[in-house]
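Each remark here refers to the structure printed beneath this line.
Going by the order they are written in, the chains are A, B, C and D; count residues from 1 in each one.
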Amino acid sequence: MQTLGIALMGTGRMAQVYGPKIIGHPGLRLEVIYNPRRTSAEKATAQYGGRPMDDLDAALADPGVDAVVIATPTDTHVKYIERAAAAGKPIYCEKPLDQSLERVDRAMAALAAHPVPFMLGFNRRFDPENAMLQRAVQSGEVGPLNMLMSWSREPTPPPIDYVRASGGYFVDATIHDIDLLCWIAGERPVEVFAAGSCKFDPAIGAEGDFDLTMTTLKMPSGALVHINNSRACSYGFDQRLEAFGEKGMIQTRNHREDPLVRWDGTATEARQPLKHFFLERYDQSFYNALNEFHAAVSEGREPSSTAEDGRAALAIALACAQSARKGAAVAPAYG
Amino acid sequence: MQTLGIALMGTGRMAQVYGPKIIGHPGLRLEVIYNPRRTSAEKATAQYGGRPMDDLDAALADPGVDAVVIATPTDTHVKYIERAAAAGKPIYCEKPLDQSLERVDRAMAALAAHPVPFMLGFNRRFDPENAMLQRAVQSGEVGPLNMLMSWSREPTPPPIDYVRASGGYFVDATIHDIDLLCWIAGERPVEVFAAGSCKFDPAIGAEGDFDLTMTTLKMPSGALVHINNSRACSYGFDQRLEAFGEKGMIQTRNHREDPLVRWDGTATEARQPLKHFFLERYDQSFYNALNEFHAAVSEGREPSSTAEDGRAALAIALACAQSARKGAAVAPAYG
Amino acid sequence: MQTLGIALMGTGRMAQVYGPKIIGHPGLRLEVIYNPRRTSAEKATAQYGGRPMDDLDAALADPGVDAVVIATPTDTHVKYIERAAAAGKPIYCEKPLDQSLERVDRAMAALAAHPVPFMLGFNRRFDPENAMLQRAVQSGEVGPLNMLMSWSREPTPPPIDYVRASGGYFVDATIHDIDLLCWIAGERPVEVFAAGSCKFDPAIGAEGDFDLTMTTLKMPSGALVHINNSRACSYGFDQRLEAFGEKGMIQTRNHREDPLVRWDGTATEARQPLKHFFLERYDQSFYNALNEFHAAVSEGREPSSTAEDGRAALAIALACAQSARKGAAVAPAYG
Amino acid sequence: MQTLGIALMGTGRMAQVYGPKIIGHPGLRLEVIYNPRRTSAEKATAQYGGRPMDDLDAALADPGVDAVVIATPTDTHVKYIERAAAAGKPIYCEKPLDQSLERVDRAMAALAAHPVPFMLGFNRRFDPENAMLQRAVQSGEVGPLNMLMSWSREPTPPPIDYVRASGGYFVDATIHDIDLLCWIAGERPVEVFAAGSCKFDPAIGAEGDFDLTMTTLKMPSGALVHINNSRACSYGFDQRLEAFGEKGMIQTRNHREDPLVRWDGTATEARQPLKHFFLERYDQSFYNALNEFHAAVSEGREPSSTAEDGRAALAIALACAQSARKGAAVAPAYG
């Protein structure tokens, strides 16, 4: 197997998700960890290996670097995409591309000018169960789709600083469901309607953001899509899908760390609460996403989750946010 | 137990639902079946018993008639309510009150002028499982509600003539989910948003009606409510509820005629398709609804599903229909 | 429908099970309640209706009595069967026929001499789910049977006086599983092996009896049958069946009073503990058993649960008890 | 992490299970593959790496070899144990130790004389779910055990040559359930009873062997244990456990490759058939077993599945076989 030398851009939360996955992948080699602050880069290489670098030009020109994985703060994604594309390096970029359509369009222009393989890290497509459901739907197992439904409920609200930088609940979180459901359905909405409340943390409401939302997507085929999101969930990280078509319905069930079924005087057929956060629940899907990146680059084909997918998901998420604010259906601003 | 002599108004589809339930209830006596066409009344009494009558005044004045059960076509409900109220008879009326808010207001005025016990037949409240879920939510078992969800998917679209007279999918069917969820939540929406498609029968679309809908209700508390309805469902009559609160979640599961769990080379843990239509699925709830009517009249108290509930559900359903047509959130026209 | 006038023999625990079922059955008429102690008979008729009688000859000769339901203590069953058969009355007799094969043979001789319709109350055959499973197996749905399994675990041990009079755990309780499984399999064991412990109440062990047993039946076809019984069960009255055949497997699930599915921080997908005792769990099956008796007598055919079935089940249960005591396989003493 | 150089003894079916697991384990190094036939050893090293050797003394003396993994035919296990123990090498040996208690005792004598770390590959203990259930039971979660139950049903009977060399169904297969359940219960039976049939392949019966069995173990505590085994199962590889204690019950469910839940006009809540054979179902547990071996050797402690465990399981399995043949309870011949 051809191994790809990776420059991991960033040393924060998402970089710490990708670090171990890169190390553990037989086709990837963690060559460089880049951070403009050298001490941060050094700390990360001490943990994961690779060479620390704080000079972007040098990192992108390094002969050991075959591709970059961008796991920096969202508002720097576009900059690194432009630089890596100009350097001719294949790019894996954590989602979202950016919080603004204008800046996303800049990134896409850069990719058009320097056509390198580009993959956006919508990791939930690479969750084995979600992928099975998508294949089943696309193979026609349930017939033409009538309804698609997604539940994403997180255990506890993030810190308010995270919320402030997140671009809002729709752009930060619902965008995952949006991308996943459009991918499963094989089409994108002509119109969206969303409703939001602030039920858990008043500080979130004070930012004009929501922590509880319901979203409806109207698809060109007439299929209707429902998404519900909650920043709090007492029983854990609730992640479910339901695809209802003319011939049948398919559902995914939540993952469990503890598969035992318990019976006692208080409860019967009881299962333990759910895996507690996205890092545990989607651990495998991050790995699988990197694997798809490796395969696509090795095979010289386009990765399956594109910049254009990212732009569309952002346009839909922004339309949702607008809809929730003005109480009306909104058509997404596709490019 | 005091038995109530019942005049059953009507001999059509819903009268045939109520006839056997009245006969089977130890506290009710099927005294009269009324139909302006005498032969229809006679045919029905031949089947269910009671005396056939085609003279409304005589029926309402009959000394054996203690109460009326109105199971006539929807557009005649208001007339019979007015007449029965004027005659001082307790009234059980199949839902909906009417398809027009103006006419509903006329019925409510009649009930205000002649305050007889009045119960609207929102039978799904009286389904044992739905009622258990309502009690659990109202007792605080899941804490303050975050989300409520309802699935109502019917096996096959009704004949187009039924659709034409139905007042549209929201007024005909979604109104059940609306009443049920408002009752469970203990509040009514400030705003609704609905989306609809025509996927199964183009003749339904030609009427300007939908056969596939998704509805969002925004509650004053901030709770969000989702309803999905489909006029076709390959696996039977799908009826589910999910109540998600701050402390936990409660779900109801579909009913099954065949409780066996099957394993073979094709499928494992498989269950049979679902009970096939509302008459089978809600057989018990129609009986329980009549039982509540009997109990309320016997105890001299107001039945638990009121005319005002019916008016509110209609206002919400009409707002949904309007929302689905104009693609905007709509505030229901409460009285 | 022809109504049968019933003389209910006995006023104890089982008579109180049958009393309300006889009253509630449209084809049965509770004509007489017989008890040699007149005050007991009078107390029961005050509750259920019918005429109290303490003279057995008079009761069996009463012109209103078309059939008898024997719900007296087990050691009096044979006597009443002999008397009722001699009087030419159809007989429904609560299980077991008797605790001794010799006395059962006496009853069978009486029935041979006076061939009246006779039904033994193995009510579990008439449980709707058990009956569905039997039909599925007999119709060949799972192919030739490999294994049959039955779980019967009771919430709490009975009083020691009940145990003393019960004939032992196998004859009192396992006999139900034995009859049910032989009926489902359509064959009877050539050999049985049973193991027992006393885990819950030392007084039961002091009687030489068990409160925890496992039983294996070897069928002529080569199918193997497993039964497990427990006199204590923390989560309620556990009643399950599993039929494993060459083509597939069918299972029944436990009944639940509360069908809700609950999720919270402690447990997910949790259900409430099980219906608490056989009276609740098998309420329907007692009614259905009487219904079969009524139908068979009305149609002039033999009821589906015969005296011969009862003799065979007893022979198997006694073989189990012997096996558990001597630690060896035992062949049942079929007639 | 200290890496252990492994000499893999054997190149057959089980060696092919262990080869990839050794390669994939970060603490193990596949140093040598030994087979007395050099070409077989060479073919295996071509696939898995390591050096081929056909000289046993040389292999055991090789400075790169820190430990041996014995995956040869069962009747050679004892010989390799004796040689490796004499050479002072830690030993991992695939189960069973041998089919004869006398030869097992020889192996144990060799280990007593040359006390090297020794682990027997009862891999099912190392299945994550089985291990969770064992911990739950041992921690007292269900209270004192009343009953333990195990289902092991294989998709299709093995070739008759395999059966002939297997030592019989109890020694080949039931021994897994026996070891697992004794480990979970923390005690070993005082007496066993087993029943067997030949239902699927007459050639198996012609060998005096069974392809369908039920086994009862009586534990010193009074707990009763049930095992059922089948050489054929239409819906896949059925592997379940049920632990019923005074405080509650815990069950494991079957593993599934396809976690989707399907609803259509034929079946609802349906799941796909089960993972198809032990290699897929217990893939993780083989890895975990090697991991335990590595950890124990690295930490200088005794591995958790001992030669004595293997002797006891064999004694119990042989008692089962004897019991099934003579139709009587048998006490295992513990050392």
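A few points about this structure:
By definition in this document, contacts are C-beta pairs under 8 Å (C-beta built on N, C-alpha and C of every residue); 3 or more make two chains touch, one makes a residue touch a chain.
Here the structure is a predicted model, which is why all the values come from computation and not from measurement.
Using the contact threshold fixed earlier, the set of chains in contact with both chain A and chain C is B, D. Each chain gets a centre from the mean of its Cα atoms; the one farthest from the centre of chain B is D. Of the two interfaces, C-D and B-D, the higher number of touching C-beta pairs belongs to C-D. Averaged C-alpha coordinates give centres for chain C and chain D that are 43 Å from one another. Inter-chain spacing, taken between the CA centroids of chain A and chain D, is 42 Å.
Centroids built from CA atoms put chain D at 60 Å from chain B.
Residue numbers of chain C whose C-beta contacts span two or more other chains: 234-235, 247-249, 262-265. Those residues of chain A that touch chain B in the complex are listed here as 143-144, 146-147, 149, 153, 191, 193, 195, 197-200, 212-214, 216, 218, 222-224, 226, 228, 230, 232-235, 244, 246-249, 327-329. Note for the complex: chain B touches chain C at residues 129, 132-133, 136, 142, 247-253, 258-265.
Of all residues in chain B, those touching chain D in their complex are 234-236, 254, 262-274.
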